[in-house]
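Each in C-alpha cells, the structures are laid out below.
Each of the two complexes below includes subunit A, the first together with subunit B, the second together with subunit C.
On to the complex of A and B.
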C-alpha cells in the first residue's frame, strides 16, 4: 500500500469518519432518554422519524460545503459573511466541539468506572485516552480516518453480535400497541432523540477533505444513514427485549439488556464486557473526531500551526470533562449539547447557505 | 542523537504500563456469593452471641440477609484428620439490619475477604418479609448495585428464605441447584419461566401484579411449589398459587412447553403428556364490561392408563378420552381464574398486557386500578385438546 501525503480521504474513509463521529455514547443511554420523554413503546417510530429528518439536514450541509471545494467551514465561512462574523461562527463550532469532546470522554469514564474499573480514579481513565487522542489527532485526518477504518467493522460486529444474542429476550408485544397514544408522544421522542445525531456538523469540514468531492452527497448520506439504522435497531432490540418500563428505569439500558441474560456454555457467558470494552474504542473515535475538529478550527481560524494548538487543547478538554460534577448534570449537559447542535444548524448552516445562494444569484445577474 | 534520546525516553515510560490494572483484584481473594436470601429480621445464634458481647450498631432489625459464598477456601489441605466433618462446598453467612448494603458491609468485619456480587444467580425472598415490606424496597439495592447482574433470578419462599440455601447433600451448592432446576421447564410447566431482576424492575415501576416461583423446603430439600403473588398496588405478598395453578399460569402466559395432565377414569389414573401447549388471550369491550376470550390448545399423547378398559382399542373412543382430559384441564383453568379474580384480585397472567395492546385508549383509563377491573371482567375459555397417539404400547 502506498502512503498518502496529500491529506485527503477516500469515499469509504469519509463514510466511516461521519459514522464514527455520530455514533458514540448516545447508543448506551438513548433508549432511556427517548422512552422517558414518550412513555409509550413507539420510541422506534421517533428514532425512525429523526433519522429521516437528519438526512435533509446533512444534505444541506454537504451542498453548502460543495460551494467551496477543498475548504473547510472555518475557511469558507469568512469568505461568505466576512472575516469577523466568519471567525465568530467558526468559534461557536469550536466551542461546541470542545464541549462534546469533553462530554464524550466523561461518559466513557463514567461507564468504565461503574462497570469495569471500580476504584480507579477518574483522571487515570480520562488522561490516557486524551493522550492517545492527542497522538492520533497529531497525525492528521489521514491517520484518524485509517484508525476509524480499522475500528469501525470491529465495533459494529460486536454490537450486532450482542444484539443478535439478545434477541432471545425479544418479545414483539413489548413494542405494542403501535401509536396507542397517537402521534403527540412521538414528537416528544423526536425532540429527545436529537442529541444522538449531534456531531453531524463534522460534514462541514470533512467534505473539504474528500479526494472526490463529486460523490460528496452520496457519501455523506451513507455516512449518516449507518448510525440512523443502527439507532433504530438499538431501540427496537432494547425496548423489545426489556419492555418499556424496565428501559425507563435503567441508567444504561443498552448495557442492561446484554446484562440481563447469561449464555451458559457459550465461549463467553457474559457479553457486556466485550461490548463495553469494544464500545470504548468507538467512544474514543468519537472523541478524537471532535478533538480534531476543534484543533483544526482554531488553527485555521487564527492561522496557527496545528501541533501547538492540539497540545494547548489537552488541558481545556480535560477541564471540560471534569467540569461536570454529578451524573445528573452530565446527562443534562448531553441535552444541552443536543440544543447546541440545533442552534448551530440554525445560526451557522442555514444563514451561510442562504447568503451563499443569494450572493451567487447576484453574481450571476451581474454577468 | 536526538532520536536515540527519544527512544530511550519512550522505553523508560513503558514500565509504567507493566504495573497492570489499577483496580485489579485477585479472584482468590474475593468471596463470590452465588445466592442471597432475604428474611424478616431474625438473628441467628452467632449474631445473638455477638450482640450479647456488645458487638452492636444502631439498627431496627427490619430484615436478615443471608449470602451463600462459594467456593470456601480449603485451608490446610485435604489430608485433615479422617472422620472429621466433610468440607461443605459453600458457606452461608447471615446478618440482620435495616439496609441490605449495610448488612453486606457488616460481613466485612466478620469475613477475611470482601464479598462480591458479580456471580449472584439466585435471590430468595421470604413471603413473610414481603408481607411486611413492599418488594420495591427490598429489591432497591439489588437493582441499583453495579456488580449484581439484572439476569439474577428471583424466587419467593414459604418459610424462612435462608433455609432454601441449605442442602443436605454434601457436594452441591444450593444456589446452583435452584438455578439448575429451571432447566426442568422442558419437562413440566409447574416450573415457571424465571423472573429476573430486570423483569422486577419494570413490573414494580408499572405497579403490575406478578407471580414469583414459590420455594418450599423440607428435610434439606427444596421444591418448586406453585407461586407467590405480589400485588402491584401495594408491592406486598398476598398469597400462594398451588402447583396446578402454576401450570395454568405458565400455560396462559404461553411460556410452557411440556406438562402432565392426570385425569381419572373410574378412580384410576389416565395420564396425558402434553407435547405442545398454547394459549391465546383476546379481549373485547361490551359497554362498560370487559370480556376475555381465552383459547387453550394442547397436543399430546396418552402415556399411562391404569384402567385397561380405557385404552386405545377399548370401548372408550378417542373422543371420549379427549373429553376426559379436557375436563381435567377445564377444572385446572377455572380454579386458577377463580383464584386470580375472586381470591387475590390480581392479574398475574398478562390479561392486562393483552388488553393494553388491543384497547390502548381504554387501557389508559383503567390501568391505575386494573386489578379491580380485571376481577370484575368475564373470562370465557375455549379448548382444543388433541390426542395424537398412545405411545409405543398397544392394547389389543
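On to the complex of A and C.
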C-alpha cells in the first residue's frame, strides 16, 4: 500500500501522543502545588512515588484496551457493560476531557497575560488558540500525532537545556532533610501530584489507533515514563534551585527559576523566552489532545460525523475556559480535575476491566 | 446555587462564544467552497498512452484515392502560407507522390535533396509492399505510417515531413521535426559550483536523451502521453521500472492522463492540475532544470514528468526536505555538505520568521531580549514615526519590489539596480528616520536567507508566508508568532503529495531517512533507498 487510507499511528507517534497529553501545565505549576501540600522538601519523593504508581494504572488501561484491538473506549465500553451504561461512562470521559481542555487553555491564557501580553483581553488569547486547535483536530489523529512529533523534540531539548543551565543555582541543601517529617507529608504530596498525570486516560483511546497493538504495553509505559521522568527532573531542579519557601510563594515556580539568573554574553540572556515558547507549544498539543478525545468520544458514542462535533465543541470549551473567575479558583479546578481523574479510574477503568475479565472467564468456561 | 450563578459568564462572553462558533464554521465553509471550486476537474476519460504523432484516434481515414486524399490534405492545411507542397513522380514505380512540409521545420536540406533524389529516381515498387513485420520496406529510419488524414495533417504542421504516394492509401511521415532549438546551457535557476553544467532544454526528445545518457540501464522507462484538448503536446512520464512503487506510478499516470486543459504551455500547468491541494501555499511537486537531480530522484523511487516545450521537469512526490536540498550536497564531501544543509534549514527559518520576531520583540516584549540590546534597538528607533509593523512592511515590500524589478531588468543593469535599491534607499531611509538601522539589518538578513534556498518556488512560498507571520506577530506578539508556527505545522502535517506525508521523514518519523534530511550522512551509510517512497528494490549498495 503506497497511499495510506487507514487511521493508524505508529509506535513512536503513540509514545509522543501520550507524553504530550500528560506533559502540560504541570511543568510550570506542579512544584508549587506539590510543595504547598507537603511543606517539606521531599516533594521529589512524592513525584517519584506517583510516577511509580501511575505505571500500573497505565498498564491496566492498556490491558483493558487490548481486549478490543482497533476500538476505542467509547466503542468497547458499550460492548462490555451494555449500550446505556457504556454511553454514560463514555460521556463522563468526554466531560472530563472538555473540563481539562478548558482548564489548560485558561492556564495558558493566565500565563500569557501575565508574562507576555499584559492588557490584552482574555478572549483575544483564547479564541485564536482554540481556532488553531480546531484546524489541527479536524485533520484527525494522524495530523495531530505528526504535529506532536515536531513539537516533542523541541520541548525535550529546551527543557533539558534550561534545567541544565539552572543547575548552577542547585543547592543540595534545599532538598534536605530527606523524610524529616516522616512519610505522612509524602502521601499528601502524592495526592496533590495526581493532577499532573491526569490525561493518561488517553491511553484508553490511542491503543485502539496503534498500527501494531502487540507493542502497546511497552509503548504506553514508555509514553508515561517520559513525562514522569521530566516531572521528577523539574521538581528536583526547581526545589533544589529555589528552596522550599520560595517555591511555595511563587505562582509559576519553574518560570521564576529560569528568570532568576542571566547567562551573560549570549544572545538570549534569560532562558525564560525559549521556555515560554516551548511551553506554549506544549500546551497547544495538550489542548488538542483533549479536544480531539472529546470530539472523538461524542462522535463515536452518538455515531455523528466528526467535523460538526468539533465545531460544536469550540464554544463549549470556550465557555469552560471563561467560567472560572479568579486564579485561585483556577487552581482549585486543577485539584478537582485531579480528583476527577482518580474518579474516572475508579468508575471507568476498574469496573470495565473486572467485568471484562469475568465475562471472558465465563465465556471460556461456557465453551 | 449562588455559586453557580456567579459562574455564569456575562453577556460579552456569550457574544464571544457565538463568534467562537461561527468563525471556524465560516472558514470551513469557505474552504470547502473554494477547494470545490478550484480543484482540478479531471477529464471523464483518460488519454491513452502514446505520443501525439503515433496513435491519435483518427476520425477521417484516407480514402485510398490519391487525388481525393491530396485535395483533402490541401483543403485542410494548404491554405497556410508556410506549407510547401512538392508533387513529383516516382519514375521507377510510375506513381505520383507529394512531399509536404512546413518551412523552417526541416533544417537538413541536404538530406531532403538526397531523399527526393532517392524517391524520384531510385525507389522500386516492391518497397511499397509491407515486409515481414508489417512495416514498409522504405529505407527511412524515422518512418511513421498514419492511417488518418487528421493526424497526418497535424503532424505535418508540427514539423514532420509528410509523404503521400499514389496507390498506398496511407500517409507517411518520413522526417522528424528539426526546427530551431536553443543550445544546451547551464541551468540558470539552479547553478552549482560542482556538478554537471548541463540543463534541460525546450525539446522533449533532447531532455529524454539527457536522462538516458546519465547511465546504462534498461530499467529507465519512459511513457508518453499526448495532453491538451486543443493544442496537443507530448508529455513523458519517466521512472525506473524495478524501483518505483507501482501504486505511485499508477496514481501519477492516472492524474496525468486525466488532465483537463486545452493547452499545457509549461510544466507549471501540469503541476497545478495534478497537485493534491490547490489551497496550500506549498508546492507539492518539485521542478528542476537539472538532469542529475531528476535521475537522483528517480533512483529514490520518485517519478519524473517531462513536458515538451519547457526545460522544467517535475518530480513527484515532493517532500519538504527536498526543497532545501541541493545536488551539490552529494557531490561535496559529507561534513561540509551536512553543515551547509543545516545552515540552509536555519536560513529558511530566518527567512520565514525573522521579521515576525522583530515585530514581537520590539512592539510587545522588549523584556525578553537582553536589556542592553533592547536599549540599543529602542534608541535607534527613536524618531521613527511608525509602529513596527508598518516599519517592517515598508522595508519588506520595497525589497520585494526591488527583487521583482531586478528580474525584469537587462543583465548589465540588474546589479547596479541592486546597489541603488538596496544600499542607497536603505541608507537614505535610515537617514530620513523612516526606519531604524536595526530593522535594515533584519530585513537584509531575511532577504539574503531567502536567496540561499536552492529552489526558487520554495523561496516564493516562504516569502509569502513571511508576511502572514508578520501579521500574526503584529496582533499577538510572540504568542501570535507561535500560533503561526503551529498553524503552519498543522497544515504541513495534513499536507500530502501523492500520498506521501509532506514532512517525512521528520514525521511520520523514519529514522532511516534521517541520514539524508537535516544532514547528509556519508554515502557509505546510505545503503538503502528512502523508506518513504516504499520502493520495490530498496538496496542501493549490496
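We adopt the following convention: the second predicted complex is superposed on the first by the 363 of 367 C-alpha atoms of A that agree within 3 Å, B and C clash if a C-alpha of one lies under 4 Å from a C-alpha of the other, contacts with A are read in each partner's own complex, and residues count from 1 in each chain.
Following the convention adopted for this analysis, a residue touches a chain if its C-beta (ideal position, glycine included) is under 8 Å from a C-beta of that chain, and two chains touch if they have at least 3 such contacts.
Source: prediction; values computed, not measured.
Colleague: Quick one: on subunit A, after the overlay, do subunit B and subunit C clash, or do they fit? Just give me the call.
Modeller: Superposition result for subunit B and subunit C: clash.
Colleague: Could you say whether A:99 touches subunit B, subunit C, both of them, or neither, answering first, second, both or neither?
Modeller: After superposition on chain A, A:99 lies in contact with neither partner.
Colleague: A:180 contacts which: subunit B (first), subunit C (second), both, neither?
Modeller: first
Colleague: With both structures fitted on chain A, tell me whether subunit B or subunit C touches more of subunit A's residues.
Modeller: C
Colleague: A:112 contacts which: subunit B (first), subunit C (second), both, neither?
Modeller: A:112: touches subunit C, not subunit B.
Colleague: Give one of first, second, both or neither to describe whether A:205 is in contact with subunit B, with subunit C, with both, or with none.
Modeller: neither
Colleague: Given the touch rule stated above, what does A:254 touch, subunit B (first), subunit C (second), both, or neither?
Modeller: neither
Colleague: Who does A:19 touch here: subunit B (first), subunit C (second), both, or neither?
Modeller: In the superposition, A:19 contacts neither subunit B nor subunit C.
Colleague: Quick one: is A:281 in contact with subunit B, with subunit C, with both, or with neither? Answer first, second, both or neither.
Modeller: So A:281 only meets subunit C here.
Colleague: Examine A:307 and indicate which partner it touches, taking first as subunit B and second as subunit C; both and neither are also allowed.
Modeller: second
Colleague: Touch test for A:120: subunit B only (first), subunit C only (second), both, or neither?
Modeller: In the superposition, A:120 contacts both subunit B and subunit C.
Colleague: Considering only the listed stretches 19-27, 37-45, 91-99 or 379-387 of subunit B, which one runs into subunit C in the superposition?
Modeller: Looking at 19-27, 37-45, 91-99 or 379-387, the stretch of subunit B that collides with subunit C is 19-27.
Colleague: Which subunit A residues come up in both lists, the one for subunit B and the one for subunit C?
Modeller: On subunit A, the overlap between the subunit B and subunit C contacts is residues 117, 120, 124, 270.
Colleague: Once bound in the complex, which stretches of subunit A touch subunit B?
Modeller: Interface residues on subunit A, with respect to subunit B: 114-115, 117-121, 124, 173, 176-177, 180-181, 242-250, 256, 259-262, 270.
Colleague: Provide the residue numbers of subunit A that touch subunit C in the complex, in ascending order.
Modeller: Against subunit C, subunit A makes touches at 1-4, 10, 12-13, 112, 116-117, 120, 123-125, 127-132, 134-136, 138-139, 142-147, 149-151, 267-270, 272-273, 276-277, 280-281, 284, 307, 311-312, 314-315, 318-319, 322-325.
Colleague: Hey, which residues of subunit C end up touching subunit A in the complex?
Modeller: 6-9, 13, 16-21, 23-25, 27-28, 245, 247-248, 251, 364-365, 368-371, 476-480, 482-483, 485-487, 489-491, 493-494, 498-499, 501, 503, 506-509, 534
Colleague: In their complex, what parts of subunit B are in touch with subunit A?
Modeller: Touching subunit A from subunit B are residues 21-23, 143, 146, 149-151, 196-199, 201-203, 205-206, 353, 356-358, 360-361, 363-364.
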